[in-house]
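Just below is one structure, and these are the notes that go with it.
Letters A, B, C, D and E mark the chains as written, and numbering starts fresh at 1 in each.
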Amino acid sequence: MTTIVLLSLLGLITLITGLFTIKRYILPIVVSGLLVVFAIHTSSISIINENGPMFNNMMKFDQFSILFSGLILLLTVLIVFQTQKFEGETDIPLPELLTLFLFAITGALIMVSYTHLVMLFLGIETLSICLYVLAGSRRSELSSNEAAMKYFLMGAFASGFLLFGITLIYGATGSFHLAMISAQIQNPAIANSPMLIAGILMVLIALAFKVGAVPFHFWTPDVYEGSPTLVTSFMATVVKTAGFAAFFRLFFLAFSHTPPMWNQTLWVICALTMTLGNITAIYQNQVKRMMAYSGIAHTGYMLMAILALNQVAVSGILFYATAYALATIALFAVFITLQKNYKLDSIESFNGFAKKNPFAAFVVAASLCSLAGIPPLAGFFGKFYIFSLALKQQNFWLVIIAIINSCISVYYYFRIIVAMYMKKAMDEQTIEIDRMSYLVLIICMLASLVLGLFPDLILSLNA
Amino acid sequence: MNQLIIFILLLPFLGFIINGLGAKKISRNLAGIIGSGTVLASFILSVVAFNGILQGSLPSSPVSLFTWIEAGNLRIPFSFLVDRLSVLMMMIITGVGFLIHVYSIGYMKEDEGFGKYFSYLNLFTFSMLLLVMGSNFVVMFIGWEGVGLCSYLLIGFWFKNNAYNNAASKAFIMNRIGDLGFLLGIFLIYHTFGTLEYSAVFEKAKMLPSGDSTLLWITLFLFIGATGKSAQIPLYTWLPDAMAGPTPVSALIHAATMVTAGIYMIVRSNIMFTLAPFTMGIISIVGLLTALTAALIAISQTDIKKVLAYSTVSQLGYMFLALGVGGYSAAMFHLMTHAFFKALLFLGAGSVIHAMSGEQDIRNMGGLKKYTPITFITFFTACLAISGIPPFSGFFSKDEILAHVYASNPILWIFAVIGAMMTAFYMFRLLYLVFYRDFKGSDKQLSHLHESPYVMTIPLIVLAILSFAGGFINIPESLGGTAAFKHYLDPILEASNQMHSSINELSHQAEYVLMAISICVVVLSILFARQKYYVRGEEPAMEKENLPMMVRLTRNKFYIDEIYEALVVKPIHLFGDFLLRVIEKLGIDRLVNGIGNSVIFSSKNARLLQTGNTGFYLFAMVFGIIIILLFNLIR
Amino acid sequence: MVSIFYFLSFLAVISAFMVVIAKNPIHSVLYLIMTFFAIAGHYVLMNAQFLAVVNIIVYAGAIMVLFLFVIMLLNLNTDAEQNKSILIRLTGIVAGGILMITLIGAFKQVSIVKDTTFYASGQAYDIGLVKNLGNTLFKEFLVPFELSSILFLAAMVGAVMLGKKDIK
Amino acid sequence: MITIFILFFPLLASLLFLFSGNENAKKIALGISVIELAVSIFAAIQFIPDSNVQFALHVDWIRTLGISFHVGMDGISLLMVLLTSFLVPIIILSSFSKEYANAKSFYFLILLMECGLQGVFLSQNTFLFYIFWEVALIPIYFIAALWGGDKRIQVTLKFFIYTILGSLFMLIAFIYLYLQSPTQTMDFQSLYQIALSRSTQGILFWAFFLAFAIKMPIFPFHTWQPDTYAEAPTPGSMLLSGIMLKMGVYGVIRFILPMLPLGMEDWGNTAIVLSVIGIVYGSLIAMVQKDLKRLIAYSSIAHVGLISAGIFTLNAQGLTGGIIQMLSHGLCVVGLFFVVDLIKKRTGTRIITELGGIAEKSPALAIYFMIIMLGSIALPLTSGFIGEYLMLTGLYEYNPYLAGIAGLGIIFGAVYMLNMYKRTMYGLSPLQSSEFKSLSMAENTALFALSASILWIGIYPETFLHLARPAANHLLEIAKH
Amino acid sequence: MENGISTITQIIPPNFYLILSSLLFCIGIIGVLIRRNIIVVFMSIELMLNASNLLMVAFSSYRSDGAAQVFVFFSMVVAAAEVAVGLAIIVMIYRNIHSIDIKELSKLKW
């Protein structure tokens, strides 16, 4: 809770500093603030076990929430690092932009620690509203407008389902508390109630929308493309992580006793998501769209962990989300610079990049390999873990679909690598990347490698 | 004693290494001396070993160097066996080989690849020795393939000429086909007997009943191997082409030694063959067919070496015929005498070619008698020997074969005699065309005509003496001899002889009659040749003229090469082409690329789902929701 | 009582339907307000009087007025909207209809186990009162209440940022 | 310790590139690989020829999953390590006369690949095995795709995706086995003890077989191979064919044979039949190839077909023969590529019909080429014979007819190899080869080393057989239980 | 009828409210699907939210649980915040393209 309070305070402070002309200090304030929050947050790990449910069962800061909150905070730091160069990309001033980021992750933190459906609803909405604004933050750009509009309309539509679903679940079980719901569901009369079934499915649909699963993924490519790249990066990483955490938490804490009903549906969604995501990504020429589809595909992989739905799967999602986020952030960090340079969204902007900036190109290549699941990078271990979760559940066909999809994904990830290393550049100039981005790249790179080699660093956290 | 055996083998190998590595640095004379010297030393050691065996001082158990291959219960030692049979072969190989080495010093004097040539010759001798000395089938196989390699190297010795290279490849590949048969035979032997050592295998084979089907297959496989190496139908066509190499090579490889490997192998494993009568039948028929076909072809050939080559094939056919009827010692005996006179013939031909500055077409020769007297005399000796005129060596060996054949099957004998008749005819045809009447070559060639140097003629003389006298070691008992050679081999053939005693059924009178008939036939055919080519002076027709059907057929070797080309080589190539173009490119590649392309194609279409229209997206979402709810709520 | 229920239900459904099919956005807004009133009536029926009032104040009073403002501001008070093609509209209606049938079919026999003790104690009729609601809100729901301020703040900042004419 | 050194030395030592220029890169790389070779030889000398895993290192790694860092070598691993350490310097030597752009990266990738390959052969744990399996793939992809021919981009990507597909099937097989293992570890030894039902073994067999069949490649999974060999720069082709292909065979030996005896019973026959088809198929296509590299590629399919057929027979002869043939094929095919590269550098062409008469210009090359070619067509007293003889014996024990068909390979092999030799080395030289630089020091060394080892294995195979035999017998014992 | 306050929940079975809310909810969906005017689409979404609210209150009454009614407060809060942002977005879009037709903005595709 301290974390959430501090974070909202930090948001307020940022907003207020915006009033004064001390813009130069804003970024350091936010970054150091986030780091302080993170430090305080981690120090609370030691007292997890004493933390019971808090505030009338509204939230519970258990291991799960601590881990995911930590991840979200760190990823946000990586993204906030890059806001400096991002100024001017949006029509929103930096302080407000940062405030929105901070409020968004406040929502995200709520999403990973709720034990009450109202908190889930509030968390999702806080996050979403910030994102609607962020997506439209290039106000004069039509694409940004369109992204905001699409995201907003569809998001609100999905919220309707979420609310209706929550209502139905409440109707069936008489409670908003996850633990109570779980207890009620043990009663077969309630478990078989059509209200409950419809409720769970509608919540599932709403959450599937948030994480971008087929057939509720349609917003993703358009919104990713239209939004400012940094926001895309944020959406693809932090938001998706929070979405999965919320998804998993809900189903793990509340619905784990009713698998036959929803997990067939989720199975199909999962298979469709990876397949459609990967297949569509192949033909994309726009980097951001491609990454959006790749994100959809990764959603599919992560859904496999939700299908497993046990304590071990937490590590799976956590690890996978980390690996995926690190690689994605690194890729987008480079792409922002390229985009600035060439005013071009297509893969061609990567042409010959290896000659222009070997280090950055190397990081991008490594990130792509990580995404493609090639050892010894973190992405591989994530896949390994998820596959073993699925195999433990005897989900053979899903794993085979996943494998074939992994192969397909290699194709489009390697298109960028091919462009960087084997295509002729459009011009001769070298491309410099600012220092903050270098820092981000180095961190992402090292983290990917270290986590790939020593996955215990994360896995052991969820003991 | 062991060291001695190993030295027999190692010396030629040493020569190969020295000449091979120092091909550029060692002077010609030295290379020649090393090359021949090592073989001579081997020969002397072989004679010592031979002596040792006669004395009984040489143990006849295998000498093992080291374990070569070991896997599971398969254990193949690198070991050698010197017994009566192998020492005989060793002496022939090193003896005749030495003479040919010496001859080569003169013959190859001008050649730039002199050192290389000698190293190859030594390698060949080494391989051949390995073949005969091995104490198990695998070591024999090493030598077996080794001689194949050497023949490849030596046939293609003048590698700038592509025809020669083709001949070399052909020889190797034809041999390889046979080798596969041999190899399968080896596998089956191992499969059946669990070992590959001669002594153990034969000991176990003895226990099997006659006509055993496993033995049938083993022997058939081995025989396939033999047809390749010993140029029998259907794998004989490489041998005539192999005349592309330097002439001494033809003498060494394709007359005296390498081609005898098949005969050696069958004699070595005689017990298995004796117990497989069906295979024996096949061998005799194949042998006879080969003998007749090759003789027919030889009659109309115009290249001096081709005539000799076909004659070799034909004579090998005789040997196989002998083997087929169980006359192992007769075959070995003929092998030996044949080594003498065929080497002599080839070397003589080499001398002729040398004199003619490389000309090989007999239609351009004639009257060489007065220019190259030594060559003529030695060549004449050889002709008499091969035709089987008593008391030349060929007479005794051929007659023994004929006697065996007659004892086995008189009809086969009739054909065999016809073959002998043809042999005499084409040999004397050759003799008359080359050495008699007038010189028909160009003036330039005429001015160069000369007798070869001593280094070449001395081997000829030695071989002539051997060709003449070689038969005396096996004068049959019917002629008052002791048949020493036959008895010498008895220990090797002991088991087979117990089963095959047909030769003894033939009375001395019958033998006399047979001898008389064959001599008459041969003399008649010689006279006919003399009449035709000396008295009447007929000449082989030139290519362009309209030849009678039979001549055309034989001149063109019954078109066997063309038939093989059309029936085997072309189809295989076409099939390979088909595999590449259809199966590989259109089938497998298409399939794999097709899968890839179909993914891309579906991507191309799947992305169209993303219409950009929010209304459509909402529709799609709702459809998804409807489907999910329908499936779960309405059951 | 029952007739009021049916009347309000009928009113809600009809006016909701009119929201959807009215050509002029202003009409839609007005029909929507009518729907809200009908829903508020239901709230009253269910003894949720406070919520009924809030519904009217917040929804009809604030939110819908905001809509009206925007429509006026953008000068959209005509029926200039181009219709989607018949086919799409039909599909939309069919889709919604199927969904409706599915849901209604599923919910046909739903029953809720009533906690009779509440009725006996009489507390059941008081929950909708301000006092009781206030208690629940500020005790049990204190955290979401506080946190919703962040939501509002974010929405405010966002709305200002997006809606402002020029930011420099 | 020695295993760790062999495993990571190439990688760590390649840090030297950070301090060197491109021009010295090749020398540094050569030095590193030679040290690696020396250490491998030292390990071989220290090795006690029995079936135990030696020089093992067993450290906890991913505790939560029970995965440990477990490396070590038995006889088979040792031979493969030796092969790798021996071939890499030769491969580096082959590039000596050519200046590769960005040489540091080039040699770094080669050394990285060496690290990956050694890792594959040294792993005693499937997780580690898989990681190195893929680590070996990345550098070769880049080597081929960055320094390759004109069509390299599509071709290498196809190769990459194809092999990844196979590996992923292997990965799920690993995971499945891991989940089945009673102790939940991924060590080979514990996986060997799992008892699985027949049908499961069948499925796992195919999962493994696909991975290895694609890697080797076995007909009909070979379609990536000729193109990749042809497009890759020669060092790349050498790495691919000389060592990487052995990974597939090694995988079969390590996993399919000991772990899936029932799967072998059901499907081993299919695998052998496919392999034998591959022998004939590869040979026949090699016979009509005009491009030297493609010819070698198809010949490689044929040879590998025989190796896999031999190994799948699951008897001592076939298995031992397969192991020896892995060495032999590595030497021969690297030698062939070496010669082809040499010819290509000097004449500018790889098309058979445009070549000729090289024997006259460079007799030394002719001799080396001859020895390598003879090794490749399995002439006795060369390495090829030992392997092929044993494998054919094994195959004959398994099924005589298949042995007969497989034996056709030695005939066809002679046909296309001799033809290749004849057309390139013999005859008269066309214009292109009129000037032919004699062999450089580096080339001479490499070719001499290759030829000498081909003859060594051929004449005294016991040096290597006695290392392989205990391990092979041990595997067969496991397979029987 | 104690306290003089009659309650509908004793007369009307709960599935009536379920069906009513489902009706309203689906009408909202239909509105979302068939309209092109963003504002009307948005209003339809508000209708969906209100349908949920109605059901929530109904459940609250049937279960005599105040928590659900408080939940409705929060849903109103969220709706209000969404409306604020949503209308801001609409205004922004209108400024740029002078239209609020949902079809106008379909440049991002494929």
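Everything that follows uses one rule, which is that a residue touches a chain if its C-beta (ideal position, glycine included) is under 8 Å from a C-beta of that chain, and two chains touch if they have at least 3 such contacts.
What you see is a predicted model; the values in this text were computed from it and never measured.
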item: Mutual neighbours - chains that touch chain A and chain B alike; value: C, D, E
item: Shortest path length from chain D to chain E (each step joins two touching chains); value: 2
item: Shortest path length from chain A to chain E (each step joins two touching chains); value: 1
item: Chain occupying the middle, per Cα centroid; value: D
item: Most remote chain, CA-based centroid, reference being chain C; value: B
item: Farthest chain relative to chain A (centres taken as mean CA coordinates); value: B
item: Whole-Å gap between the CA centroids of chain B and chain D; value: 37
item: Rounded Å distance, chain B centre to chain E centre (Cα mean); value: 99
item: Whole-Å separation of chain centres (CA-atom averages), chain B against chain C; value: 103
item: Averaged-CA centre spacing for the pair chain E and chain C, given as whole angstrom; value: 4
item: Per-residue multi-chain contacts in chain A, two or more chains; value: 118, 122, 125, 129, 132-133, 136, 139, 148-150, 153, 157, 171, 194-195, 197-198, 221-222, 411
item: Set of chain B residues in contact with two or more other chains; value: 596, 607, 610, 612, 614-615, 618-619, 622-623, 625, 629, 633
item: Touching two or more other chains - residue numbers and ranges from chain E; value: 14, 18, 25, 28-29, 32-33, 36, 42, 53, 59, 63, 65, 67, 70, 74, 78, 81-82, 85, 88-90, 92, 102, 105-109
item: Touching pairs among all chains present in the structure; value: A-B, A-C, A-D, A-E, B-C, B-D, B-E, C-E
item: Interfacial residue positions of chain C with respect to chain B in the complex; value: 84, 88, 91-92, 95-96, 98-99, 102-103, 105-106
item: Residues of chain A touching chain C in the complex; value: 4, 8, 11-12, 15, 54-56, 58-59, 91-93, 96, 99-100, 103-104, 106-107, 110, 116, 118-119, 122, 125-126, 129-130, 132-133, 136-137, 139, 148, 171, 193-195, 197-198
item: Chain C - residues contacting chain E, complex; value: 1-2, 5, 9, 12-13, 16-17, 19-20, 25, 28-29, 32, 35-36, 39, 42-43, 45-48, 50-51, 54-55, 58-59, 62-63, 66-67, 70-71, 73-74, 76, 81-84, 88-89, 91-93, 95-97, 99-100, 103-104, 107-112, 114-115, 118-119, 122-125, 127-128, 132-133, 135-137, 140-141, 144, 148, 151-152, 154-156, 158-163
item: Interfacial residue positions of chain C with respect to chain A in the complex; value: 103, 106-107, 110, 112, 139-144, 147-148, 150-151, 153-155, 157-159, 161-162, 167
item: Residue numbers on chain B that touch chain D, as the complex places them; value: 23, 66-74, 138, 141-142, 145-146, 149, 152, 156, 159-162, 165-166, 168-169, 172-173, 176-177, 179-180, 183-184, 187-188, 190-191, 572-573, 575-577, 579-580, 583-584, 588-589, 592-593, 596
